[in-house]
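Structures are listed in the sections that come next.
Below, chain A partners chain B and then partners chain C, in two separate complexes.
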Partner chain A sequence: MSERARIAALHLAVIALLFAAQFVLPAYHHGIVSRVMVLAVFAIGYNLVFGYAGMLSLGHAMFFAAGMYGAGLPVYHGGWGIGPAFLFGIACGAVLAAGIGLLALRTSGVAFMIVTMMFGQVAYLLALWFGDWTRGEEGLTIAQDLRVVGPLDLTDPTTRYFVALALFSAALLASLALVRSRFGRTLVAIRENEERTRMLGYDTFRTKLAALTVSGALCAAAGAAYALLFGYMGAGFANVPYSILPLLWVLVGGAATVIGPFVGTLAMFYLTDLSNDLLNRNFPDWDISALGIVGLALVLLILFFPKGVMGTVRARWLPWLP
Partner chain B sequence: MGFGPYLLLATLEGLVMAAVLALTALGLSLVFGVMRVVNVAHGEFFMLGAVLAWAVSNAVGGHPAIGFLAALVVAPLAVGAVALASERLVLRRLNYNPEATIVATIGLLYILQQVALTFYGADARPVVAPFNVRLQLPWFGYSAYKLSVIGFSLLLLGLTWFVLTRTKIGLIMRATQYDRETATAFGIAVDKVYAGVFVAGAMLAAIGAVLVVPIRQAHYLMGHDPLLLSFIVVIIGGLGSLRGTMVAALLVGLSDGILSVFFSPTLAKIVATTAVALVLVFRPQGLFGTAQR
Partner chain C sequence: MAALAGTSNAPLLSTRGLSRSFGGLKAVDGVDFDLPAGEIRAVIGPNGAGKTTFVSLVSGRIAPTAGRIVFDGTDVTRLPAHRRVGLGIAYTFQITSIYAALSVADNVALAAQRSAGGAALKRAVDEALTRVGLRDRASELAGNLAYGHQRLLEVAMGLALKPRLLILDEPTQGLSDAEIDGFVQLVREIAKGATVMLIEHNMAVVMALADRITVMDQGRVIAEGAPDAIRADPAVQAAYLGAPQEAASHG
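Up next, the complex of A and B:
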């Protein structure tokens, strides 16, 4: 097989596997995988900026929340249809990301991280400040009858799974195409040596801005889908932990790999779930929270496993892995 | 109460805030200045200091002043030990790579929160102030303890300034900050300087926390605000500049105190955070700093 065919086959196989899994998974895991696929889109969006372009952002929750509120609030307050609301959510994320990028991309490295964290914090505070519309941390539930589009009832688990799979497949293939294009290679060049890339005549600012905008749109798509599929939106999704989770997922799965974000999201979801249960059953008065496990995972990963699962696979066995 | 007394009260509250903030932010600024890494877990060292202060003062018993003084000694030392362990076990192994350090200290942040939640619990608990005297001002009585916090903080800031500018230790630290390689060439054990600076930074945060627990209760999630405010102070003051940090702490502490008396704290935070992000975007060297080499 040529390299091109191999890559296409691998990614289509992942999608086919998820398609087949729907028929065999028990109800509980069925629900988890739907959720993981939506959140993996969030991680895919984050990976574009963090993995490929090498920019450490700590404010990506604001793009997720922009999509979530951009899609959810018009449905909840304005009675919009699901389709237009979803698109509007994505547009909100893209516009926000472009606006933030115009400011934040004037900085780089540590300053970029602090600036994005601060803008993310402002977005979270704004969600609290407009509590009359968002109901802050408590959040809003979108009624069941509002989440029907044509023949599709988004509250039905099977429909939900397939919609999530469709969104995930689109995001996966889009990111695959993107990182293998000239644009994607320019991003990697910027990550490796921005000065040299600029010297070679590339407009690095514009490339980074485009990457951040696409990333914002992807994260917003995940947020919008989350609100519409699971019927809940709350300010908690705009807070700091939701900026750190995609970082964790991408690190676990392998930064700058196309499947990595999904692998990482799936692995961390089950790892936190299982270890949480296990620890709380054996040490009931220890108050173990998911964030404690996340913290330990982050430290151990960065110390002993910085390439993540797919990054290690690429380094050891499959050098062609995109 | 008229406007004048109201403003005086807000200013006093702001000054107390600024005093504690200056210590905490100075710790962050030292670490960033010398080691060139951002310690995202800095707020958790603050939290740990507060929680340990409660534990120590509770264990000692007797007159509140004895417990408080014990806490003022024990809590920073214990936090320093935790900082030393995390520096040796994590940061040094990452070779102080800026981005890896950020990820690792985020992890540390959640681990420390989890430890506090497990061993201290989710309740907010107060520490009794070492003395309970009210000074009678023209319009209202004001806690003498709070005023003494300002004094103690100034003393400690002065001491830090003295160490940094007038002693050999300070000279070695500044040399390391200025040029790591040349410092190594002159026989400075950069590795040890880093460990020392990281521990000192964490201890400054812990001392600030011990001072604050008689005013605000200790809670396992209390580290978030000091971290964000310290970032703000360090950015406005210019990363790694001691004088800038002090001026900025005064500015931020005062305006935070005054704004949150007159406006909604959420709105005050929104405005302040946006303003600071814009400062960092348009004037990365800070309002008082000079451009880096």
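Up next, the complex of A and C:
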């Protein structure tokens, strides 16, 4: 099998596996996997900027939230249809990312982390400020009868699963095509040596801006889908934890691998779930939050497992893994 | 390389009053410089003379504090570096700057893929690597190459850009004597299709290759001329050749 065919087969197999899982998963896990697929799209978007282009953003929650509110608010307040609302949510994320990029990409390294974090905080505070529309942390629930597109009832678990799978598959294959294109190779070149890349004739600023915009659109698609599929939007999704989580998911799964974001999201979802249960059962009055586990996982990862799952698989066994 | 013909009076590159300061230090100080197409020009001078800074201004890697740069009739002073590469100015770094984590072939492909794709890209990579003699190592990680070979990879990346002006900043640093002989041959080859600006401390290489020599000291051009005239110039001897231990310690 040629390398190209091997790569295509591997990624299509992941999609096929998820398709088959729908028919065998018990209800509880069925729900989790739906959620994980949507959030994995968030991680895929983050991976493009962090993994491939090497820019550590600490404000990506704002793009997820832009999609969430961009899609959810028009449905809730304006009675928009699901389709246009979804597209509008994506557009909000892309435009926001391009705007932020024009400013934040004047910096790099630690300054970029701080600038994106500040913008992220501004977005969170705006979500609170417009509490009349968003109801802040408490959030809004989108009524069941609004979440219907034609014959599709997004509140039905099976429909939800397949819509999530469709979105995830599109994002996965798009990111696969992107990172294997000239554009993707240029992103890696920028990550490895930006000065050299500039002196090879690449407009590195524009390339990074394009990457951030695509990333913003993907993260917003995840946010929009989350609001429309699960019927809830709240300012919590714009807050710091949701900027850290995609970083964690990507690190666990393997930065700069196409499947890594999904693997990491899935692993962390079950890990927090399990450890939450365990901790609550054994230390009922300690009130340990999932956030503590996230922090601990991050530290352990960076110390002992810097390549993540798929990064390690690539280093050990499959050097051709994109 | 259409510009090579019939432009003998209009230089390919010229600078006027080109200056760059770092804080109070005038690293490049009012340089007027003309380079006709097709020439091999060596730029020499003691450590810290401003040679790297000067060619960095020409390539757009850093911005000047004053002065003008004209390349092939176009004022490029305000043009960003990547646009200058598009016009045909290629710079190879004095401090080796390669993609250590990528393969040798991928390094060159990044340089060549601006103008070629698919099979043509593969051919362009092959050709550039063959010219510098690194074709056998195409699949090795660039970071694993010996230092001298990394220098040659730099040159291959410059070649893959298909430049009209190739700027080589101390390319022979770290090469063995045998490799230096090969390198002199290579530059002669390159010069058939491009104008070459060569910063070099190894005087044997300079004398073997240069049509003309520009001597810099403390940010200024202190002499310019044919190799023999430069060798005899007392100001040059005082600034540079008169301090052979310095030149030797570098080469």
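In this text, the second predicted complex is superposed on the first by the 322 of 322 C-alpha atoms of A that agree within 3 Å, B and C clash if a C-alpha of one lies under 4 Å from a C-alpha of the other, contacts with A are read in each partner's own complex, and residues count from 1 in each chain.
Note that a residue touches a chain if its C-beta (ideal position, glycine included) is under 8 Å from a C-beta of that chain, and two chains touch if they have at least 3 such contacts.
All values reported here derive from a predicted model rather than from experimental measurement.
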Touching partner for A:E195 - first (chain B), second (chain C), both, neither: second
Which partner, chain B or chain C, touches more chain A residues: B
Which of chain B and chain C A:V299 touches, first, second, both or neither: first
Contacts of A:R182 with chain B and chain C, given as first, second, both or neither: second
Contacts of A:T204 with chain B and chain C, given as first, second, both or neither: second
Intersection of the chain A residues that touch chain B with those that touch chain C: none
Touching residues on chain C, where the partner in the complex is chain A: 59, 61, 80-82, 85-86, 91, 93, 97-102, 106, 109-111, 113-114, 117, 157, 161
Residues of chain A defined as touching chain B within the complex: 56, 58, 103-104, 106-107, 109-111, 113-115, 117-119, 121-122, 125-126, 128-129, 240, 244, 247, 251, 286-289, 291-292, 294-303, 306
Chain A-facing residues of chain B, complex: 38, 90, 93-94, 98-100, 102-104, 106-115, 117-118, 121-122, 224, 228, 231, 235, 264, 266-267, 269-270, 273-274, 276-278, 280-282, 284
Parts of chain A lying in touch with chain C, wherever the complex brings them together: 182, 185-186, 188-189, 192-193, 195-204
